[in-house]
Amino acid sequence: MRELTYDEAAVEAVAEEMRRDPKIFYLSTDPIPPLLREFGPERIRATPIAESAMTGMGIGAAGCGFRPIVDWRQVTFCFVAMDQIVNQAAKIHYMFGGQARFPLLFRATVCGGGRVAAQHSQSPYSMFMNVAGLKMFLASTPYDIKGLIKTAIRDNNPVISFESSRLLRLKGPVPEEDYTIPLGLADIKREGSDVTVVALAWLVHEALAAAEELAKEGISVEVIDPRSLVPLDAGTIRDSVKKTGRLVIADEAGPTAGFSAEVAAVATEDGATFARLKAPVKRVCALPVPIPYSPVLENHVFPDRKRILAGIREVLREGPAQAA
Amino acid sequence: MSLSPQGRSAASPATNLPPETQREMLRQMLTIRLFEERASADYRAGKIYGVVHCYIGEEGVAVGVCSALGPQDRIISTHRGHGHCIAKGADLPRMMAELYGRQTGYCKGKGGSMHIADFSIGMLGANGIVAGGIPIVTGAGLAAQMEGKGGVAVSFFGDGASNAGPFHECLNIAASWKLPMVYVCENNLYAAQTAAAATHALPDVAARAAGYGIPGEVVDGNDIFAVHQAAHRAVDRARSGGGPSLIECKTYRWRAHTERKGQPDYREQAEIEAWKGRDPIARLERQLREESALDDAELQSMERQITAAIEAAVAFAEASPFPLPEQATDDVFAA
Amino acid sequence: MRELTYDEAAVEAVAEEMRRDPKIFYLSTDPIPPLLREFGPERIRATPIAESAMTGMGIGAAGCGFRPIVDWRQVTFCFVAMDQIVNQAAKIHYMFGGQARFPLLFRATVCGGGRVAAQHSQSPYSMFMNVAGLKMFLASTPYDIKGLIKTAIRDNNPVISFESSRLLRLKGPVPEEDYTIPLGLADIKREGSDVTVVALAWLVHEALAAAEELAKEGISVEVIDPRSLVPLDAGTIRDSVKKTGRLVIADEAGPTAGFSAEVAAVATEDGATFARLKAPVKRVCALPVPIPYSPVLENHVFPDRKRILAGIREVLREGPAQAA
Amino acid sequence: MSLSPQGRSAASPATNLPPETQREMLRQMLTIRLFEERASADYRAGKIYGVVHCYIGEEGVAVGVCSALGPQDRIISTHRGHGHCIAKGADLPRMMAELYGRQTGYCKGKGGSMHIADFSIGMLGANGIVAGGIPIVTGAGLAAQMEGKGGVAVSFFGDGASNAGPFHECLNIAASWKLPMVYVCENNLYAAQTAAAATHALPDVAARAAGYGIPGEVVDGNDIFAVHQAAHRAVDRARSGGGPSLIECKTYRWRAHTERKGQPDYREQAEIEAWKGRDPIARLERQLREESALDDAELQSMERQITAAIEAAVAFAEASPFPLPEQATDDVFAA
């Protein structure tokens, strides 16, 4: 199968949907060149640096029958539009009693690793997860991002595509044929029986590397990529933990009230899952600090395969494991 | 033009609107007033919940502007939304049922006073966040431009909202893109307890239009014909591809910022009384009588009809069921 | 001891600190009358409705040696200022290498119950918890709010005081003498041995009511009020769960990646705590929906003493409880 | 006044600044340029990380404005911050060490190019969020007003930032409260790849001042004396309680938006060349020579000194240790 980068796969998803549906148009402060070339400046619009207006205009046009894509670019730029996201996009369908639909795709680059410091590096998806009325996902492969973006564009609600800055150049197989991936469906990226690692984005790849290494020692790691954050596929996560009895969560965001906390809660509030859990849950996350610039510092802040390995070893050591 | 409560502006020039249109404008203003008087009473009686913001005293703006619009045109409102709803043609029973928190309300009881919308008539909703609606309706303007059918979008907002970032962002985009927009600032001289004089660098919000190269006009918001004419010019301009305009309507709210009991109102009583003397409804009545376009009998019949319609709306609301508790989880997402 | 309302206690804390320190001033769109009367319009400033500017101005004045208080009023109004909160206030001390201090108190009313619908009812504290660089608390009594606000005003960092709309008129004893309550210290509002309820704000009172009722059945409930969200007193929570073996978390916010998820993770990632946990963790939260207007609907969305009771009974039923 | 690259404006009137001041202005502009040429080279060599935005071509603005300020005055910068730092008197070794990500940098390696600050000299920081600094420095203006010692605060921001909400919110507050502020728009005609012509309703950002009743002036940003004089007037006005001003400096960046390799630059080569012909540094050199205030020997010695200072800064940076990994958890909160 042909290979595309994560970034190319995302743009291809947009382009294919735009060819199919003339109601789709695109707003961002700097247009993406191939989209601009193909669709022209009427459908690929360069906006002033006014993300609040841009986001609200997307909502308004959606309510009038269009299907806008609003690209915030770095997720940190969308905080200026937070009212439009949280008070408007998320609530408007509900508070008007469902009388109009607001099909909207928001795109935002998250994660760190670029040495661009605190105002350009953040993984704040859990801030949005707590807001009722928004769907969102964070893909880890070119295949997944294409399928998820297509689903999101066809969805009749605001959906946020968080996209990992570390993966933009990652290549992977992407079929030529049209396909979609439903929201709310986790992907088991590797099957295993001793421990479950729930990981997001770049850390899916780091978890797979860790799993590879542990396989040499006879330890079998299951790697689950939820892909979709809201809705979250609690069933797949719980089934895996019921099987392995151990849970490590790897996330490039800070732990506090993060995605990782939600997964910990999802696992430990379910009776059947809790009953099989043999060791404490382990969160392998960024340190709770703004992201620093200097490579030495930035590298120290983020989790990686080594910390995932250490986390896995910790949950294997702890609890009534040996007894089981 | 800058207005004091005494009103330095001359009365607007004789309008060439047909008398039935003028009477319809009166009817709509009266409907807003009587609807809100009832809503306010029912709020105090505990039948309406949360918070209600009354538009009484400002009816000339909503009706003056909306009478210059067609059904394909879209508007957005603020937290003070009843007037805009009624002027755009919303259904009184569904409005009242929404205030009563009933299943049959415009939002199935999910929105209340601050969130009445009727997308089917181009009313994109009241909005509880100051200036929050301006970007959304500017998106409706973009939609109208892309649709290419001559539709126009109108943003209603207060003097308070004109100090918020989205106002600026949207005026600039609308001007750059020549969107078919009309921005209508309802300058009632206060944002909650805070006088506009204390928070605005200049008394006229309309002066800001110059920074974007678009027309900015101050009109007496209590003179419905002046409002209508200014809106008409702006709508024509927008429809014909000339881009956005900013119209500032000087007006005044008669009641406190909200209907909440015990809420302070720091405005001077004399100021309130002076503005009551400039009642847009009484003014139109007077004009119509002077032109012999209205007599006592007609007026009384109009009032009776409106009162009956409001009674019917209340009866509908009262008779409507409350939502079922489980319906709280409906409508989070569209199918 | 004299009694004050929650709201009065908060204002008294501000007034006392303002008398003590002339560097404190107050920004909000509508000044609080008693503060305005005492301190005048130079120190109690009415701003335009421009929360983004207001918040940033607080940051700038703080960096120049002042100690501003920025009152957003309803928390939903602060989303227009989110860039200044998340990208600036939270990060500025760190990204500039600690060279300047930014002492700032933000105030925001949270929670629901007022029939004011989705745009005026939200409990989004977990959105801020995930952001490194912000401290925050949510008091449940007049005594606590006064002591915490005083601490926050004296702190040299941005601190958010979330204040419960349901409690504004709640009366309680408040000493005349100066006192402060440290951030990061939970308060055990009731001691008990069978189950731990970690609750916030109004739900502290509902949990206490539930505990009272269960006491009649011989069930002993410990009610912990963390008060401070960041830093969170994990030690007190864990110690309690180690003692009781059961954890219910009651929060008026939605569960997803919420405060409740964080407490679940804090409990279940700690080996010693996990080892004593006899039943799944239980979250008693708002339904994950925007807040509706109609009383029937709004009442259904929020947890209350009945749901807390049900939650407690559930964790008492489940797990190897009877065996222990 | 509106400027094309050819420059319709006449050269600014003969300045009465003493020659040593004029030479100091030249020295500062040259320092910015040579510092950035070195930073750019070191970035390409992998010694500087992340992203670097160069100010080359726009030096006249930072130096022209800051030369009108005193040490008690405060400024804030943008993502393109080196010029403002140097013009306000920041230390080159600590700047370079920050770019190199070292412990001895201004931010201990936590900030990098986009976040250099020196509060001790009134430089409140570069800022990675477009328009993010405007409210913060307006707070510094409020602080100055409350301190009552005649301090002034200056906000530097781009043409792109002038379309963002905080610009509007702050101009209005500063004008209402008569804050001692100078708002300096560096209109380099582009926001990243997007031409200002495509996103601004009017070519002159300065036109927006009228909406707030404050002076708005367009100056040739490549004419350092014109900038200095405009800044001087605005600073005087601010210091004496007259409130804020908006100065728009038309200028141009010579390099791509960032130094990132392979980054596209869609601007016309001819446009870039035309603007290089209006180099603010060459222009001041020419003027000084014409006035016999500078000769080759002096210029060469100045360049040697600056080069040596930059070499010393690089040597300091190179010799400085990287932070320890554990220091990543320092400085989240102040004691």
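The letters A, B, C and D name the chains in turn, as written, and every chain counts its residues from 1.
As a convention for this text, a contact is a pair of C-beta atoms (placed from the backbone, for glycine too) under 8 Å apart; a residue touches a chain by one contact, two chains touch by 3 or more.
No experiment lies behind these values; they were computed from the predicted model shown.
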Highest contact-pair count belongs to which two chains?
-> A-C
Starting from the Cα centroid of chain C, hunt down the chain whose centroid lies farthest away.
-> D
Between chain B and chain C, centroid-to-centroid distance (C-alpha), Å = 37
Per the centroid of Cα atoms for each chain, what is the distance between chain A and chain B, given in Å?
-> 42
Please list all residues of chain A that touch 2 or more other chains.
-> 47-48, 50, 52-53, 76, 79-80, 83, 87, 94-95, 117-119, 132-133, 288-290, 292-293
Would you please write down the residue numbers of chain B that are in contact with two or more other chains?
-> 107, 109-111, 115, 127-129, 132, 163-166, 169, 172-173, 176, 198-200, 332
Which residues of chain A touch chain B in their complex?
-> 25, 42, 47-48, 50, 52-66, 68, 83-84, 87-88, 92-103, 132-133, 135, 156-157
Of all residues in chain B, which touch chain A in the complex?
-> 74, 76, 105-111, 115, 117-120, 124-125, 127-129, 132, 134-144, 146-147, 153, 165-166, 169-170, 172-173, 176, 330-335
Complex contact set, residues of chain D against chain B = 163-169, 171-173, 175-176, 198-202, 207-214
Chain B partner contacts - residues on chain C that touch it in the complex = 29-31, 33, 46-50, 52-53, 76-77, 80, 114-120, 287-290, 292-301
As the complex stands, chain D meets chain A at residues 49-51, 101-102, 107, 109-112, 114-115, 127-132, 160-161, 163-166, 191-194, 198-200, 264, 322-329, 332
